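Letters A, B and C name the chains as they come in the text, with residue numbers starting at 1 for each one.
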Amino acid sequence: MRKLYMELIRMRFLTMLAYRVNYYSGIIIYAINIGAYYFLWGAIYGGQQQLGGLTVEQMTSYVAIAWMSRAFYFNNIDTEIAQDVREGKVAIEMIRPYNYLSVKTAQAFGEGIFRFLFFAGPGIFLISLIIPFSFPATASGWGLYLISLMCAFLINTQINLVTGLLTFFLFRNDGMMRAKRVVVDLLSGLVLPISFFPGWAQTVMGYLPFQAVNYYPSLIFTGAITTQRSWELIGFQVIWMFVILVPILVMWRLARNKLVVQGG
Amino acid sequence: MIQVNHLQKDFRIHQSRPGLGGAFRDLFSREYKTVKAVDDLSFTVEEGEMFALIGENGAGKSTTIKMLTGILTPSDGEIVINGYVPFKQREDYVRSIGVVFGQRSQLWWDLSPLESFRLLKSVYKVDEIEGEKWLERLIEELEITPFVSQPVRKLSLGQRMRCEVAASLIHKPRLLFLDEPTVGLDVLVKQKIREFLRNLNETENMTILLTTHDVSDIEALCKRVLVMDKGKLIFDGLLNDLKEKWGNGTEVSFQMKKRTSAAVLRQALGEMPCKIEQINDFTLSVKVARSQEMLPFVLSTVMSSFEVSDVKIEETSTEDIVRNIYSSDQEVASHA
Amino acid sequence: MQNMRHIFSIFADYLSQYFKTRLAYRTDFIGDFVSNLVSELINLIFIIVVFTHVPLMGDWTRDEIIFIYGFFLVPYALFSMFFGFWDFNERYIIRGEMDRILTRPIHNLAQVCLESIAPDRIFGVITGIIIMGYAAIQLDLSFYWYDVFIFIGLSISGALIYGGVYTAIAAVSFFSDSRTGIAPMIYNIQQYGRYPVDVYNKAIRFVLTYVLPFAFVGVYPAAYFLRKEVWYTYAAMTPVVAVIFFGIGLIVWNWGVTKYRGAGS
C-alpha cells in the first residue's frame, strides 16, 4: 500500500516536470508577485517602523515566504474531483482497491514537492540576492517552519477535499470553487498578515481554519514570535486537521451511499 | 481544380528521456526528432472528381487533408485549389470548401442542428432565399427532418453524422472534404450517406475527397484512389488498376470428376504463368494474374482436357488489396 | 474593413446562441456571479484594511486608490467578456477544435473570442462604476460632459491592452507541444495596473509602462479623472498603446497559427 502512494507521488512529480511552459511561467508569476508586493509594502510602510506588529524587514520576509509556502500547499484537487464526478469516473475509482481521497492527497503532495523544490527553492534563493531577507537563524527555527508547513499543506488539502466533495451534492460548483480560492488567499494571510485586520475581524478569523494554512507557518519563518508560541500555533493546526476530518468523512460516506443508490 | 506539387510537412517531435533524471534534464534542454509526415506529394484533381485517400494510421493522410483545407501550413511545396493558396488566403478559400471531420463536431452541442445551421448561414453569408431552398433540399435528402430540432447531444452518432454533413454543405461548396466520415456508423447510415454523396457529385458536379479506413466506402464511391504510405504517395490511379497492381489476381477452382494431380494439370497448361494448388484429390485451384487473355485460356484449356463438374471464380476484394499493400513493404518500395 | 463589419454582424448571432445555450444548460449562474463579485471585493478589502494603518500610499489617499481600482474593473470586465478563452490550450489545441475554426471564413481569433463570449461579466462593469462613484463622491470630483466619452474610449483601450497581451500569451500554445497553464498567468498578472506605478521601483514601473503596459489599464487613465495633471500625457497615450499592443498580440497570434500542428496525427 505504501508503495502505491509513493508511486502516485512520483508519477505526479514527473507529470509536473513534463509541462515545461507551466514551469517557466510559474517562476515568472511567483517572481513578479513577490517583487510587486515587496514594493507595494515598501510604499505602504513609507517612513513607519512598524505596522501590525511587523517591522518592514519582517514584512518583506513574510511576503516572500508566504508565497513560497503557497507554492507547496496550493493544489487544484477540488476541481479534479469535480471533473471526476461530472464525467462519472469517480464510480470507477470507488471500485479500485485504494482510498480515492488518499490517492488525491498523494497526488497533491507530489505536486507540492515539485513546486517546493523547483519553484520555491530557486525562487527564494534569487529573491534573497535582490531584497534584504532573513532566514530563520537556528535549525530548530527551520524545523518548526517545516512542520508547520506540512500541517498547512494537509489543512489546505482537506479544505479542497471538502469543496471537491460538495460536487456530489451540488453538481455544479465551479463558481464556488473559484471564489474559495480567492477567499483562502485573503483569509489565510497571503495578501495581508492577519494582524493587519481590525480586532473584530481577527476574532472572527480565529474561529476559521484559514490562517492555519499560511499565516502560522509564515509567522514562524519570520521569527516574529517565540518558540513556545510557535508550538502553540502548530498545536492549533493539528486540532484543525482533526476538526476538518469530520465533515470529510461524513460527506464521503454520504457520497458513497448516493453513488451506490443512484449508480453514479 | 486541385494542384499539389512536391508537398512536404515536417514535424519536430520531442523525445523524452527516461526516468526522473531524464525528466529533469528535459526541463532545460530537449531532444527533437524530425519526422516527415508528408514527403514530396504531387497530384492534380479535375473538377467533379470523386476520390479517396487511403493509408494506414500515420501514413500522412490526415496531415495531407489538413494542408489541403488550409489548417496546417506546409513545410515545403505548393498547393493551389480553386485558384487559392489555402493557408495564405484562408478566409476566402474556405468559402469554397466544406469539411467534415468524423471525429469532431461542428455543431453546437447543447442546441438543435437547426440553430447551428442558422448560425453557419450567417457565418458564410449565405443568400437568404436560395440558401433556404438549398438547406431544405439537404434536410430532405439526408432525411434529418425528424430530429433536426432536437439538441445535438441527444442525437445518435448516425443522426449526428448526417447533420454534420448537412452543416458542412450549407454554403454549397464546390469541394467537399470528408475525413473518416463513416467511422462507427451502421451499414444503413453508411449507405444513406454514400448515396447522398454520389447524388451530390452527379447533380452539382461537386468534387469530393475522402479519407477512409473502410474499403466499402471506396468501392461504393470512388473511381480514383490515392494510396499513401509513410508520407509518400505510392499509388495514384483508378480502383481497377489498383486491383491489377496489388491484387492476387483471379483464383479459379476446378472441381474434377476424376482424381487429378497438380502435375497433370501443369502439363496441360504448359508454360502458362500461373500458380496451381492442390486442395484435395478432386479439387485444384489455379491463380492467374489479372489480365484479359489469361483467364479465358485457362478456362478453355482445362475444360477441354478434363472432365469438370464445377468451376468457381473468385476475384480478390479491395479489402485484400489494401491488406496486401500494407503488409508488403518491399513491394511498395519497388513500385514507388 | 468588410471583414470587420461581418464580424460585428455575426456577433449578435453568437450572442443569441450563448443565451440559448445558457438557458438550455441552466449553468451555475448565481455561482459564477458570486465568485466574480467576491474576487472583485477582496481587493477592495485589501485597500481598506491597509489604509486603517497608514494615511497615504506614496502620495495617494485611500479614496484615490479605490477610484483607480474601480476604474480598473471596467476595462478588465470588458476584457474578460470578450476574451473568455481561459481554456484555449485545453479546448482548441489539445482537443483540436482549432481545426474546425480554421475551416471557417472569419478570422480565427474573432471566432475563438465569439465562441467563448461571456456577457454575464457585464456585472463587473457595474461593480466598477459603483466603486468609482463612491470614491468620486468622497473625493468630491467633478466631471465634464465629454468625460463620458473619454471614459468609454479609455475603457475600451484598456480592454484592448489586456486583450493584446493575453492573445500573445495564448498563442504560446501553438508553439508548445504540451499543456500550458496560461489561465493562472493572466489571473496573476492582471492585478499590477491597479496601484499607482510610482510606488514601485523604476524597473517595475518600466515593465508596467512599456513591456506589459498594465499601468495603462488602471492608474494612468484613472489619473485623468482624478485630475492628476502629471499623468495626463500617459492618459492620453492609452489609445495609442492599445493599438500597438493589440497589434502585437494579433501578429504573434497569426504567426502562431502558421505553426499550428493540429491534434492527433
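In the analysis below, a residue touches a chain if its C-beta (ideal position, glycine included) is under 8 Å from a C-beta of that chain, and two chains touch if they have at least 3 such contacts.
Just so we're clear, the structure is a prediction, and the values are computed from it rather than from any experiment.
Peer 1: Show me the overlap between the contact partners of chain A and those of chain C.
Peer 2: Of all the chains present, those in contact with both chain A and chain C are B.
Peer 1: Using mean Cα positions as chain centres, tell me which chain lies farthest from chain C.
Peer 2: Chain centre farthest from chain C's centre: B.
Peer 1: Pick the chain whose C-alpha centre of mass, unweighted, sits closest to the average of all protein C-alpha coordinates shown.
Peer 2: Ranked by how close its C-alpha centre lies to the overall one, first comes C.
Peer 1: Have a look at A-B versus B-C and report the one with more C-beta pairs in contact.
Peer 2: B-C
Peer 1: Can you check how far apart chain A and chain C are, centre to centre, with Cα atoms defining each centre and the answer in Å?
Peer 2: About 28 Å, centre to centre.
Peer 1: How big is the gap, in whole Å, between where the Cα atoms of chain B centre and where those of chain C centre?
Peer 2: 47
Peer 1: What whole-Å value do you get for the distance between chain A and chain B if each is reduced to the mean of its CA atoms?
Peer 2: Going by mean C-alpha positions, chain A sits 54 Å from chain B.
Peer 1: Find every residue in chain A that makes contact with two or more other chains and list them.
Peer 2: Counting only residues that touch two or more other chains, chain A contributes 18, 20.
Peer 1: Which of the residues in chain C end up touching chain B in this complex?
Peer 2: Against chain B, chain C makes touches at 3, 6, 9-10, 13-14, 17, 20-21, 24-25, 96-100, 102-107, 177, 258-262, 264-265.
Peer 1: For the complex, give me every residue of chain C touching chain A.
Peer 2: Those in contact with chain A are residues 27-28, 30-35, 38-39, 42, 45-46, 49-50, 52-54, 56-58, 172, 176, 178-182, 184-185, 188-189, 191-192, 195, 199-201, 204.
Peer 1: Per the contact definition, I'd like the list of chain A residues that touch chain B in the complex.
Peer 2: Residues in contact with chain B: 10, 13-14, 17-18, 20, 23, 118.
Peer 1: Going by the contact rule at the top, pick out the chain A residues touching chain C in the complex.
Peer 2: Interface residues on chain A, with respect to chain C: 18-22, 25-26, 28-29, 32-33, 35-36, 39-40, 42-46, 48, 51-52, 172-176, 178-179, 182-183, 185-186, 191-192, 196-198.
Peer 1: Tell me, which parts of chain B touch chain C in their complex?
Peer 2: 11, 13-14, 37, 57-58, 62-63, 66, 69-73, 87, 90-92, 94-95, 97, 99, 101, 103-104, 106, 108, 110-111, 115, 118-119, 122-125, 151
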